[in-house]
Structures are given as C-alpha cells and as structure tokens.
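Order of writing sets the chain letters: A, B, C and D. Residues in each chain are counted from 1.
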Amino acid sequence: MSDDMLTTNPFEDGDHLREECGVFGIFGHSDAAALVTLGLHALQHRGQEAAGIVTFDGKQFHSERHMGLVGDNFTKQAVMNRLQGDRGIGHTRYSTTGASALRNVQPLYADFAGGGFAMAHNGNLTNALTLQKDLQRRGSIFQSTSDSETILHLIAMSSQKHLVDKLIDALTQLEGAYALVGLSEKKLIGARDPLGVRPLVLGDLHGAYVLASETCALDIIGARFVRDIEPGEMVIISNEGLESLHPFEKRNHPRFCIFEYVYFARPDSSVNSVNVYGVRKRIGEELAREAPADADLVVPVPDSGTPAAIGFAQAANLPFELGIIRNHYVGRTFIAPTDSIRHMGVKLKHNANRAMLDGKRVVLVDDSIVRGTTSLKIVQMVREAGAREVHMRIASPPTTNSCFYGVDTPEKTKLLASRMSIEEMANYIKVDSLAFLSIDGLYRAVGQYGRDNEHPQFCDACFTGDYPTSLTDHDQPTEIMKATRLAEAG
Amino acid sequence: MSDDMLTTNPFEDGDHLREECGVFGIFGHSDAAALVTLGLHALQHRGQEAAGIVTFDGKQFHSERHMGLVGDNFTKQAVMNRLQGDRGIGHTRYSTTGASALRNVQPLYADFAGGGFAMAHNGNLTNALTLQKDLQRRGSIFQSTSDSETILHLIAMSSQKHLVDKLIDALTQLEGAYALVGLSEKKLIGARDPLGVRPLVLGDLHGAYVLASETCALDIIGARFVRDIEPGEMVIISNEGLESLHPFEKRNHPRFCIFEYVYFARPDSSVNSVNVYGVRKRIGEELAREAPADADLVVPVPDSGTPAAIGFAQAANLPFELGIIRNHYVGRTFIAPTDSIRHMGVKLKHNANRAMLDGKRVVLVDDSIVRGTTSLKIVQMVREAGAREVHMRIASPPTTNSCFYGVDTPEKTKLLASRMSIEEMANYIKVDSLAFLSIDGLYRAVGQYGRDNEHPQFCDACFTGDYPTSLTDHDQPTEIMKATRLAEAG
Amino acid sequence: MSDDMLTTNPFEDGDHLREECGVFGIFGHSDAAALVTLGLHALQHRGQEAAGIVTFDGKQFHSERHMGLVGDNFTKQAVMNRLQGDRGIGHTRYSTTGASALRNVQPLYADFAGGGFAMAHNGNLTNALTLQKDLQRRGSIFQSTSDSETILHLIAMSSQKHLVDKLIDALTQLEGAYALVGLSEKKLIGARDPLGVRPLVLGDLHGAYVLASETCALDIIGARFVRDIEPGEMVIISNEGLESLHPFEKRNHPRFCIFEYVYFARPDSSVNSVNVYGVRKRIGEELAREAPADADLVVPVPDSGTPAAIGFAQAANLPFELGIIRNHYVGRTFIAPTDSIRHMGVKLKHNANRAMLDGKRVVLVDDSIVRGTTSLKIVQMVREAGAREVHMRIASPPTTNSCFYGVDTPEKTKLLASRMSIEEMANYIKVDSLAFLSIDGLYRAVGQYGRDNEHPQFCDACFTGDYPTSLTDHDQPTEIMKATRLAEAG
Amino acid sequence: MSDDMLTTNPFEDGDHLREECGVFGIFGHSDAAALVTLGLHALQHRGQEAAGIVTFDGKQFHSERHMGLVGDNFTKQAVMNRLQGDRGIGHTRYSTTGASALRNVQPLYADFAGGGFAMAHNGNLTNALTLQKDLQRRGSIFQSTSDSETILHLIAMSSQKHLVDKLIDALTQLEGAYALVGLSEKKLIGARDPLGVRPLVLGDLHGAYVLASETCALDIIGARFVRDIEPGEMVIISNEGLESLHPFEKRNHPRFCIFEYVYFARPDSSVNSVNVYGVRKRIGEELAREAPADADLVVPVPDSGTPAAIGFAQAANLPFELGIIRNHYVGRTFIAPTDSIRHMGVKLKHNANRAMLDGKRVVLVDDSIVRGTTSLKIVQMVREAGAREVHMRIASPPTTNSCFYGVDTPEKTKLLASRMSIEEMANYIKVDSLAFLSIDGLYRAVGQYGRDNEHPQFCDACFTGDYPTSLTDHDQPTEIMKATRLAEAG
C-alpha cells in the first residue's frame, strides 16, 4: 500500500516554513559589489528565488536583479563590472509569486525629487495593502506588489524635507516586521521595526561599515561583528560616520522571532549574541530530558534536525548516526514553478541508510512539523529500511499558527498541529511515539528561565497565536485589494 | 583613395530620420491579440526596437512586451495564449536608448485607484521633463523615461473623478505631438494632439472598432477605413459605441507632419485621404520639372527613393532601372547596439548593379539627405560601377532642423544641409549635379497650391525651422534634468 | 465568400522554390572571418535557416555554427574573436528539417589521420543515401544527414595517400549537383560538379583568393571578379598560388541551372558573365512580345517579379507602377518552424496599393507559379483593391517537375502546372488571362537562340523533366534508408 | 599576515579528486525516462557538469543532452515528453574540458548498418588515444574526445556480424577501467572491465531491469538491489530476460577502486554488499586507534569527513561537534569556467562555528589531502575562530599518485603527499599534529585483514602507485595525439 502510494505520488513539497529574505549593505569599500555578493551568498538560505544588488559610484546608481541563486548570477565578470561604486546594498528573496516576478525583485529603486534611493527589506508589513490603497488614491502608481515599494511611495509622498525625515515619516506609518537597508547618494541606512522581529547586525571590515541579516554574512567576508541593530533603531552611515536614531516611541518589549533559532538562521550565526548551533544543541538536550526514548540510536532528519539530534544523543548517551542521507543537489529544483517538480521533494532529498537502521529502535529528530507530509514520508522510509521502532522528537513546540511577519507559512488550517492532537499526529505519521519541545523548554534553550507570559521575550506567534502587532490587512474585508491586476510574463 | 576608405571604414550608420512609434488598438473582437499583432506588424516600419501588447479579458489585463520585431516575438502560441480578451492595444517602438530598455517598452500600465489603465503613444512631448520634475516633487515615482509614464502620472495625480476627465486633465497639460491609444476595463480611447502632428485613423472590422497609426494596418486585417481621428479629438469606444470629444479649445490650423508623406508612412497608406505612393510619385514629377537632367536612366536609392524615381522617370520620359540592389536581410542588425555593427549600414544594404550603370549618365533619386554619409557612399559606389555622370535628385527640401515631435533626428549641427549650401553639398557627395525639391513643390505634391506662409498647412519644421508648438524643455537650462540616474541591465 | 476565406485561413506558405545554400571561402587575408561574414551576408538569400564559418589560424581550426541569420549571429565581437586565422570558409543554409539541426549546419569538420578538414557545399547528391548505406557497412558512423558528411566519410575511407587525391576519389563517386569549398591546414579548395549545375566564382581581393556562389558576394567586400570556376573543375589554393585540376572525364555539355536566372540569384550578380537583372528584364520583354495584354499598367509581384515587370512595361510601353507593397519585415518569420507561422505568408508580406489599382486593367508579373497558393491570394487581393481586369504574366515556363539538385521543391503532384492546363490554372487563380514564358523565350533571354533539344545548354529539369544525371536514390525502393533514427533536440 | 592572504586571495579551488561519471539504465518500464532522471539525480555526486538520456520507443531513439545538473534540465515537461519509450540509459558527467563540450556529453549514439546504438560509460581507457589514431587511419571520423566514441568506432569497424559480438570485439581491445551501459533497439547491455575497477549494480523494479553505478540510484526509485555486475561480466537484457556473458579470459583478481569507499560513493550506497557509511565510520575508528589525540572535541570537515569523524568520536569517546558549517548553495558555482569563480571555493563553502571552537583542542577529520590548499585554509579558519590546538586526522593514506581510471586527479607533482613527508605536510598546513590512516587500516575498514601485497584486493594505485593495468597512452611519446584540433563554441 505504501508502495502504491509511492508509485502514484512519490514526492511532496518541501515541508518547512520559509524565510522570505536576507539583506546586506556595505559603505566605503572599493570592492563593494563583490562583498555584497559574498554576503548574499552567505544569506542564500534566507531566499533562493531571486537576488539583487544596487551600488552607487558617486554619479550613478547601478542595479542588477536576477531570478535564481546568487552564485549563478553574480559570478560573471560583466555583471560585476557594471556594479561600480564603493557602497551597495543587496537582497536575496524567497517568494510564492509567479515566474515573471522580476519587477518584484529587490532592491527597488526610486528617483525622488531630492535624488535616487534604493531599498531592500526582510519582513512583512501587516498593513501594506491598506497603505497601498490609500497611496493609490493620492496618485501613486505601483509597479510591484512589494512592501518595499509601499515604503518608497510613502517616502515620495512625505511632506518632510530631508530624506531621513521622509523615511521616518514612512516608517512610523508601518505595522509589522521589517529589517531594511537603504542606499541614497550619500548614505547607507539600516532600520529595524520597533519590536525587532527580524534580525539585522552591524559589522566592520577594515573601517567599512557592514549591515547584514546574520553574522554568517560578516564571517564570509572576514568582517568583525560590532553589535545587533536595536529594535526600533535606525542607523545612518555616511562619510561622517554612523549616526543612530530611535524614531519610535518606546513600546512593549522587544519580540525577536524565536523561530530564527529553531530553523531560519544558519547554525554558525549568532543572534543577540547567542550562537544558533548552541541553542539547537540545547534544544536537543531539553528534548532528551522532557521526552526520553528507549532506543538504539539517534538519527537526524538532515540537515535541519542535526544539531538538536547531536544534543539529544549526548544528553541521552545514545549513538548519533547518519541514518538518513541528504542529496544536496535537489535544492535548486525548488525554484521551478511547475507542480510536477514541486511534488518531487522528499524522496529526491533524502534516502534511508538501510545498513544503519535495519532492526534498530530509532529516535528521529526534526526541527518542526508543518503540514506533516514530509514526516509521513520520512517515517515510512525509515520503516521500510527496517527500523523496528520510530520515536519522533520535534525540536520546537507544535506549529499551530500562521506567521504574518515575513515567513511563508501555510494557512492555519493546513498546519497539522492546528488540526490534530499530538496523539492524532503520532497516528497520522505512524510513529511509535511523538514528542514536541515545550514552549518553556524552547525559552530555556535560548537562555531564558522560561516564557514570561505577561511580557513574552520573543515573537512566538506561530506556536502560541500571540501576535505582537495588529494585523490590519488580515482583519479587513477581503475585497479591499480587489484591484484589477496586470499579468505580465517575461 | 576612395578604395582605401572603403577598406578601412566600409560602412556607415543608417542615414535616415526615424519615426519613433506606431500604435494600434481594437475593441470587441474575439481574436484581439492576433489582430493587434498583425496591425503592429504592418506598422513595423515605424519602430523596430521593441513591441508590446496589452489586452483585457474582462477580469485581468495581460501584458507582453519584448525587445525585437513583432514577427519574432508575437508568433509563439504561448505568448498569444497569455493575451486573452476581446480588446487590446499595441505599440511598436524605435529608440535611441540602451539595451536594458524593457521597462521603457510600451504600452505602459498603471493600477489607478479606480482601476487599471494601459497606454501607448506615438510622438514626443516638448515639456515632458518639466512635467516630470514637477510630478516628482509631488510624490510620483518614475520607473521609465517614457512620455507615456508622464501622462499616466498626470492622470494618477488628477483631482478629477472619472478616468476620461482625468485623461483630459492630463492632456491639457501637454505640449508637443502625440497620437495615443489607451485601454481601461471598459473603454478603448484614442487621442490626437491639437495640431494633429502625428497620424491616427479609425477603422471598422465587422463591427469591431480599430485605431491605428496608418491605414496599412487596417488593410492587413481587412478592416475598413472609416476616417482620420481629427486633430485635438478624443474618441471613447465602449460597449455603448463611439463617443467623440473635443477637449481642447480650437487653436490655429492643423499641422500634420509633412515628412510622413516624404518618408515615414508606408506607400500603400493614405493620410488625410491622400495616398502616400501617389504623393511620392508626384514629388518625382515635380522634381523632374524643377530640376531636369540630361541623362540615360533614372535609378532610385531603394526602397525609399523608388516611388519618386518612378515619377521622375515617367515625367522625364527616361527609363527607370534598378541600378542599385538592396539586401533586405540587413534590417535586423539595426537593433544591435554596438558601434561596429552600426557602422555596417550602407554597403551591407546596397550593391551597385554594374551592368546597368557602366558608362551611363545616371539620375539618382533619394528621399532626403540627413548627415550625408549614405549619399557619399552611394554616389561613390555608383561611380565605381562605371557611371559616367551622377545627377542626384532629392525628393524633399533640404533638412535643416531637428524634429522634437517623435522623430529621431541628429542635432542640427550634424544635418548636412544646416552646414552647407547646395553647391557645397554637391561637392561633398561628389555628384555632377544636385537638386532638392522646393518647399512649394512639396506642398503641391501633397495637393496644395503651395505653402501658405501665414498659416502653413503642415508641420514642416525640419525644412523650415517653423515649430508649431513651444519647446519648453529645449529652452530650459540643461541642468534641469540632472537627476541621479539608475543604470539597470537585464 | 472570398472574405470568409480570408477570415478562416488568411495566410499561406511562401510559395517559391528555395535555394538550399550559399558558400564562400577566402585565403590569405588577415580579416578572413569578417570577410567570410560579409560574403555570407550577401548570400543570405540562398539560405536563411543557419550559417557557419570555419577558419584556420596556423595551428587550430575554429568553428562557429548558428541557427538564424548571418547578421544576427556573426556580428558579436566575441564570436568574431574566436574565428582567428587568415583563411576560412562559410556556408549559409536553408533547410526543411527540424529545429535541432545544429549538427547539420555546415561547414562540417573532420579530423583525418593526415590532419583536419572542413567542408561546405551547395547542391544535392542524387546517390547520397546509397553511398551512406555502403559507408555504414564499412564502419562509418554518421552524425548528420548532410551530404557534406557523406563526402567527408568518402575521403576518410579513401585508400589514396594525399588529401587532394582522397577528395578526387570521393568526388568521382558522387552523382548530382554541387559547388563545394573545403579548407585544410594548407589549402583552400573549390570544386564544381561535372555539369556545373550550381554556381561558383573566383575573385581576388588585393591578392587574397576568394570563392563564392555569386558575384554579389565579391562586390560586398570589394573583391574583383576573376572568372567562373568551370564545370568539373577543382581549384587548389595555397601559399603557392592557385592550381586548377580537371579530375573528371569530359562528359556532355555543361548544364547550369537556368532557374538561377529566373529567381535564385541576386539581380546584381552575373552568372557566366551574364547579368541576372538584365536577363530578367529581357524575360519581361520576351513575355510582352509573346503574350501582350490590353491594359492600363504593369504591376510586379514584389520583389521577384520586379525586373521582368520593368522589362514588360518598357517593351509594352505601359506605365510601371508599385501596385503591391511588400513588407520586408516578414522575412524573418520563415525561420520559425510552427505551422501557424508558416501560414502567415502572403498577407503579411504584401498589401495592395488600392489608389493605384482601383478601376484599372492590370498586368501582374510574377517569376513563377509553384503551388499556386500565393497567386490565388495576390490576384484576389488585387481584385478586392478594385482592379477591373487582371492579366497574369509569368516570367518562366510552367514548373512541372521537382528539382533534385539542391532546391527545395514540393513533390511533383503539388506543382500546380503538373496538375492543370494553363486554362485550368487561369480559372483556378481567377485571372482574366494567364501566360507563361516559352522555354525558347527563356533561352533567348539568357542569350541563346533557343533551346538546343539535342544538347540542352542548361539544366531546365523543373520545366522539362529532362534530368541531366541519374537519380539513384530516387529510383531505389523506399525502404533503402529505413534506418532507426535518432531524434535529438537542443 | 594570514589576514592579508585572505584579502588578496580569499578562495581556492575545490580540493578533491573527482569521479568523472555515473551511469544508469532501465528496460521494460513505461516511465523509463522519468526513472532514468531520478537515477541520475541520485548519482549527481558522480558528475555535475552535464547529463544525458537516450530512450527507445520501439521505432525511434530519443536523445536529450544538456550542460548542467539533472534537476535543472530534466524536470521540464517538454523535455520528458520527448523521451518516449520503455527503455533508456543515462549518464552524468564531470569534466575538465571547455564550455563547448556538448558533443562530448554522453550517452553517445551511432547509426550502425544493423541499427542504432547508444552508449554511456564511467571510467577511463588507458589506450584510448592509441586506438583513436589507429581508427582514424582506417577511416573513422571522430566527433568528440570521449572514450565512448572510441568504443562506438571499434564496434562499427568490427568484422563480426551481430551487435553483441561486435561489442565483445571492441571491449577486448580496451585497456583501463569502465562500467558501461548500452541501448540497442532490442537490448539493454551492461558491462564492467575485467578488473571491476568501476562499480555497476543490477536492480529490479517490479520486473523491470535496472543498471546503476550505485545502489542509492536503486533506492531513489524503490528498486530492489539484485547483485553487483561482476568484473568482466557483460549482461544482455531483452524481452527474453537477462543473459550473462563472460567474454574475457580470467586474469588476476578483481581490483575494485578503494577510493569509492573513501570519498566517491554516497554513504548510503553499498558496494560489494558493504555499506559505505559503515566503512567510513570504521575508518574513523581505525584512525582513532592508530592516531589518537588529546583533545576536547572532534570536528568533521563537512560533508565528506563527517562519517569518519563520527566513528573517531565514538571510538575516542570525545564529543562530535559541527565546528564547521557548510553552505550547500556553493555546489553550483563549480560549473562556471572562469578563474575568478574557481578561486572562490573554500571560504564560500565553509564557515567556522566560532562558539564551538574558541579555546578548544580540536581533532579535525577530513577524507583526504590532495593539493593541500583546502586543508591550509580550513586550518587557518579554525585557528582564527579561536581553536587552541588543531590535530588533523585524514581518513585515507597519503594520496601520492595520479589516477588513470576515470578520476580527475592533478598531476603527481601537484599532489602534496608526493612532494612532502607527513611532517612537512603538518608544517605546511600548520597543524599541531597530522596523521593519515595506514593502508592496512583502510583495508581493515573495508573488511579485510589488511592489504594482500601479492594479490591486492583493490585498486589502490592513488595510494601505492601499483597500477593494475598497463598505461599505454601514458607511456607513449607525447606527440602521438598532436592532431589538428577544432575549437567550436556553441
């Protein structure tokens, strides 16, 4: 039966939440474009659909935006030669929209009355459509569906005089999560939303300022980590140095996205000075304590489950083994938009290492369960390879809610944990036991005593439904954006 | 010596003025996209760089814009399948700007608060930059350098309520020449500037309304010619039929571009109910009368000199012969932007038919002399083929002034006739005699008694310097548009 | 009714015989590749599907072969830079085979035991399949379906010692028509079949030897015409100069293809020292004498009917008028392989110039009638434009037989003249009168007293069925080449 | 200083030996092309430059060959639709040759007198050039530089009557290593060289026969592993079932490539019924015993060093930690041919996980040292991340000799271990201690008691210089293949 199922529908969509973007900026280095390219390459895990770079050479802005991986598009000499200048910003993007989305690829650029300005951001506004409607009524013409363009139009329409003030004017109208980098003729600007949901760090490369979504993008170019940009902070970098502004009134506590630790960020990055790999190992240790299993070995679902599996194995004193082998060449196919390819996910990516699994009681460690489709296949694959028992351990609490802050999540109704109890899920994915990390266990792994339910220290809405901002667009009647749309290919 | 010159620099730029655009629209036909494609193909001589089509299918607008010829881009089934709907507009474009100009390709589209609108135009505004500067100050963000986008922003910023009123609001701010087609969800709109400098005709295809730059685009789809759209007229075509508006106060007389008869329009088109081929033959007859030559045969510089040469030969009772053969495959290379290719023009296009020329006294008929580079080569080629005498006859008056109404002309200082007397030109291009048609002769050929110098019946600024509108941008100090610019490839 | 027909099937295939190739070679010029490119451009009318160039730089051969026009592929600096060397050959090709035919594009190249050799040819072998079968039995592996590869394998398998002897060995096994150019490390070779069916001329460019299908390819680079390569002659060009061999026993008289004069060759070329344009004009004069018409004007079907129409008009003392306008941008679409595009021929190419035709009695002059589909549409178009009478005059005898010598002809059964009498054809295409040139009239136009039926001076098989060689493959049972075939895209 | 070095030359070539190919075949399944695609995807690690598939549909062979990854080229519906048939073979390839190598991409196809035949192989012939020279003298024309084409020409030239006998005739002339798959109209053929240097396994998918380089390619399609094809065995699969031939006289013992266990094969594959991951773990255990280290943790150089590091850590009772993080997106850039990109290897691929390394004594485990460039950078990177001591342990003996059997190795003089002692290497890469596995330890890890020096059980020439076949081409004077060559871009 399972065999039939494999024959008729052998593959499934990649069953993970997906970060929608990474940003990078540098000011004052003669190899600006090459360094932005390397930074974006280090941030490739935050978006594989498209990438773009804008530089400024003292006279002219240069823009290159391409569908596909950084390493496939920004390695040609001709491309790099066009990106002249000692300052630049870049963006790497994952997207759910169609093939023709080149005009949506960031950084976006606008000619303002006062000069050119390019911008890229990571995150998602929760009132973007409401703002767009209003801007259209005031005479703005939109070329894309990007939140970045909304911000640009807010800047253009601002009655303030100077660019920084116009940008502040714009930011104070935004709701949601964002970490943005902007480039004018004289300034590199970085800004983070008041809650600091999305990450942004500051680095230094022999005197050149660097902004990046994660510290791994500093490491690749050998830049020194200086500090995290603070929630609600705006930094203005120019030939005069760095100026820090705090344009927002202080509200609540910071609410950094806790899922960055669970899955999005690269393990070698540090966020808020906490190493991600260390958090993931501690998650595995917590999990071993909360939900031990009588088993022969610990097997990660690679690669995202690996650090937690190492932590689990060490804490449980069980051997850690590569019982599932990942084929890394598959990554690329995710860009292709056809159904048939989207359905080739799991089996193309993973293979059971039968010699390790046959006859064994296996603890299987994965980072999360989204739709459950991957888990179902993985467990079946492990069983077909001869595993006697399968104990699934999940390195996060049940994912029960959609994210509206720049992460591609299925609708709530498609999240397995929103439809089933843990027992039902265990039956569904056919494991002998299933356990998720507790929310307090997760907070402990990131170095807290547990969740402060009065003032939660992180945004954990995907686990708790506790959204730290209002969701204006989502709460509107659906016809709000029933605009006539243009479909353009090519 | 001339031989050496050929060896080291054998080729030259295409030495003609170039029309910058053709437009086409249809409303109420199930094959709208295919018919727009055919119409644009018939208008290909008005612009070979790029082409675009926008259709509306009752719910959504569809846009396809491509660099290159209509016949190379709009012949694939996939492209045509995407252009659903029973109404559409199209545009074919010649341009001087760089390779990356896809965002400049028309029709342009905008989502207004009240719905989508696509627009394309032929012509050129003489106050576009001034308007752009003002719009940027008011918060508009420009994505292209197209006059069409300026008009779209004027519409978006209009305080009027309804689209037609917004458009009128926009048009009344424009200076210059334009023939435009627009497509909203409910309406196909056509409009011509108050002087009617650029052409636009109305046709009927079994009840479907058609708008086109020239009648040859009606012929290709078998549509019936109804009438010319009048100078300053705006037609609104909808399911309720055609409504004609005259939003401008009447000013002066119409000033249709007389050069359309000389060179731009296709010979099988009729403009103002006058057949272009007929005009060109009469030009040749006038020329034979004004400047006869003692010669053995009449040879056209193909293809633009052919009708006038036939007229000259018939009036002079001399044999008409194909003494120069044109290689039509060259047309395509004009798109390529490199210098080396631009320099391969004349010789790649023409070859002397030695057997016809050797030992003969030749009347050579061409439509105009711009820089003189082509004439120089052609005369030399004809002489090298053995012609005993070369009498050049030009089917228009000397081109002494630049056009600012949608025609790509060199700066005045590069126009041969602005720098030299006719004698000097004759020496320069090395002919035994040279004559241009008189301005009155040209007016006679188009059916007038001559030029009415008080109220000239046509725009003939390229011959007379008498510009029918103000030239606001041109008269501004040059730093007005010193905006920081974005260079984007791709 | 005719209107309905236009609506449902408005367009038709290009209704002409098609030459399959042009060849060019040069030896001893530092700009070899650029000059080959120009030569091929001048020969573009002999094949628009693909083009290729091979050069030799003293150490290495360089090859560039591309689908599409010469001017689209050999104008980029990178391409030209790769084609190093002072000698080269080129080929331009029309083909009936599928999109994947890059491996069929000539010149073909082979590494022989004695060194490299590249070859390209115009023409068609009538025993190629028979030779291929035999070569496969002896161990040859074919990569293409090109006759050129057959010749290369015959060379490779020859027991002769030296390349020239091997080539002679190969040529003496061939049946059919060919004009070939070959390039070894030391030699440029040209050869023509014993009957000289296909053309090949010798030129001189400041001491560099040039070979080309037509003299127009000499003109474009300013090379001096030296002489025609003789039927059955092989010329060996090396640093030692030119050596002429006559490897074939003399058989019969030369039989140059008379259709080259009628349609294939460019009017500015001279063949056997006879100017093509002159022949075509004389054809028109003969036609006016053989089949006069009581009419108001003479209109060519452009461009191929134009010289004959000029000749007819002069002989008949009737005005010559451009009553049909050709849109030259259509040429390009012939490359596209889809049916729907193939069906867009006539109307896309031609438009009636109503103002010239309305109410007139018209003599319509075309070069030939193949399937009759084009004539049908053209006549209908001319009548719809108001012509009162249409008298069709054809500048060649009825085309009743297929060509097997390198011209793409429909099967005999699809040739209108093989199925109908002249009266039936006149009814079919709906003209008031129809006349073809007589075969003797055609011979007179090329300067003979008429056809010598004992020893015809030309190959006129398409008109007479008198094939000058045996047709070995054609006479075989059809299963001879039922080989398993490989379909490869890309 | 090290910092300066990073600035001026930050990146290095991928410093591994590279397998040159993977092969796959299937007979008797309606989804043949899709299954070949999946099989090739599972074998992608054996070659990323290009891939090809040939199928046979009962009447016609279909071929698709593309540069790039399987997942990028064989996922489009159009491509798959063209590959009709119930049998097919495929090939994935790594290559050192230039960009234009499409004609070198396998499978190659030939039309023999007796029918079509396609072939692909993994391995390398050591007398290919000698055979090619001889075949050229006999009249063969080569289109590629592939060994496969040499085999095809040997088949074509064979005087045997039947395909299988011709193939045997060809194989008996070969020297070297190969595992090949062939497809005729009726048969799928698999063959392995007499020593069985390169792997080939037989599988069964619901009755359809499968051939593949590794068992992981059976797993991906759910096929059952049947057995290894034996050294010197040829299997003929047809509608009549499988026939096994042993055409070679028995010589010596089998000599399977031991490096497949060390690095080439995927860890989840089993070779000769021995699981690769298990071997690698045992290698780590042997290494921990042979060369223990006083350290805090064991860190793999990912991914190739990971299984040995796990084995080392378990045997040494030290924690296994991900102290280096690999960025998997880099894989793709290896295809790009420019120097600048080739130089972006190490740092683009790896980043130190500082939080794990700072202040620690680290055992670093890698699979091999080739040029040493990667090790140098990795060690430096680990030290810069704060490691107090670095003890490098290599999971194989020193690589001292080039491979001539289908593995891309640098010349002997570029192999670090051929130039330096272990002490010198330790100094060069700047480690506190360096140890390689002993050759006997390696043999123990694959399940032997040690190396039988009389009759070595494996090909270990890269470690010992003991080549199991003669090296005919390599021993020839170098001018043997000084043929004139053709450079073709495409």
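Keep in mind that, in the parts below, contacts are C-beta pairs under 8 Å (C-beta built on N, C-alpha and C of every residue); 3 or more make two chains touch, one makes a residue touch a chain.
By chain, with names taken from UniProt: A, B, C, D = Amidophosphoribosyltransferase.
Please read these numbers as outputs of a predicted model, since none were measured by experiment.
**Q** Going by the stated contact rule, which chains contact chain C and chain D alike?
**A** none
**Q** Where the CA atoms of chain A average out and where those of chain D average out, how many Å apart are those spots?
**A** 35
**Q** Measuring centre to centre with CA averages, how many angstrom lie between chain B and chain D?
**A** Inter-chain centre distance comes to 62 Å.
**Q** Among all residues of chain C, which ones touch two or more of the remaining chains?
**A** none
**Q** Going by the touch definition at the top, which pairs of chains touch each other?
**A** A-B, A-D, B-C, C-D
**Q** What part of chain A is in contact with chain D in the complex they form?
**A** Touch list, chain A to chain D: 3, 6-7, 10, 38, 41-42, 44-45, 48, 69-72, 75-77, 216, 219-220, 222, 266-268, 270, 275, 277-278, 303, 306-307, 310, 314, 319-322, 325, 327-333, 336, 338, 340-341, 344, 347-348, 351-356.
**Q** Spell out the part of chain C that touches chain D in their complex, as residue ranges.
**A** Within the complex, chain C contacts chain D at residues 54, 59-65, 79, 82, 102-103, 109-113, 115-116, 118, 133, 136-143, 152-153, 156-158, 185, 483-490.
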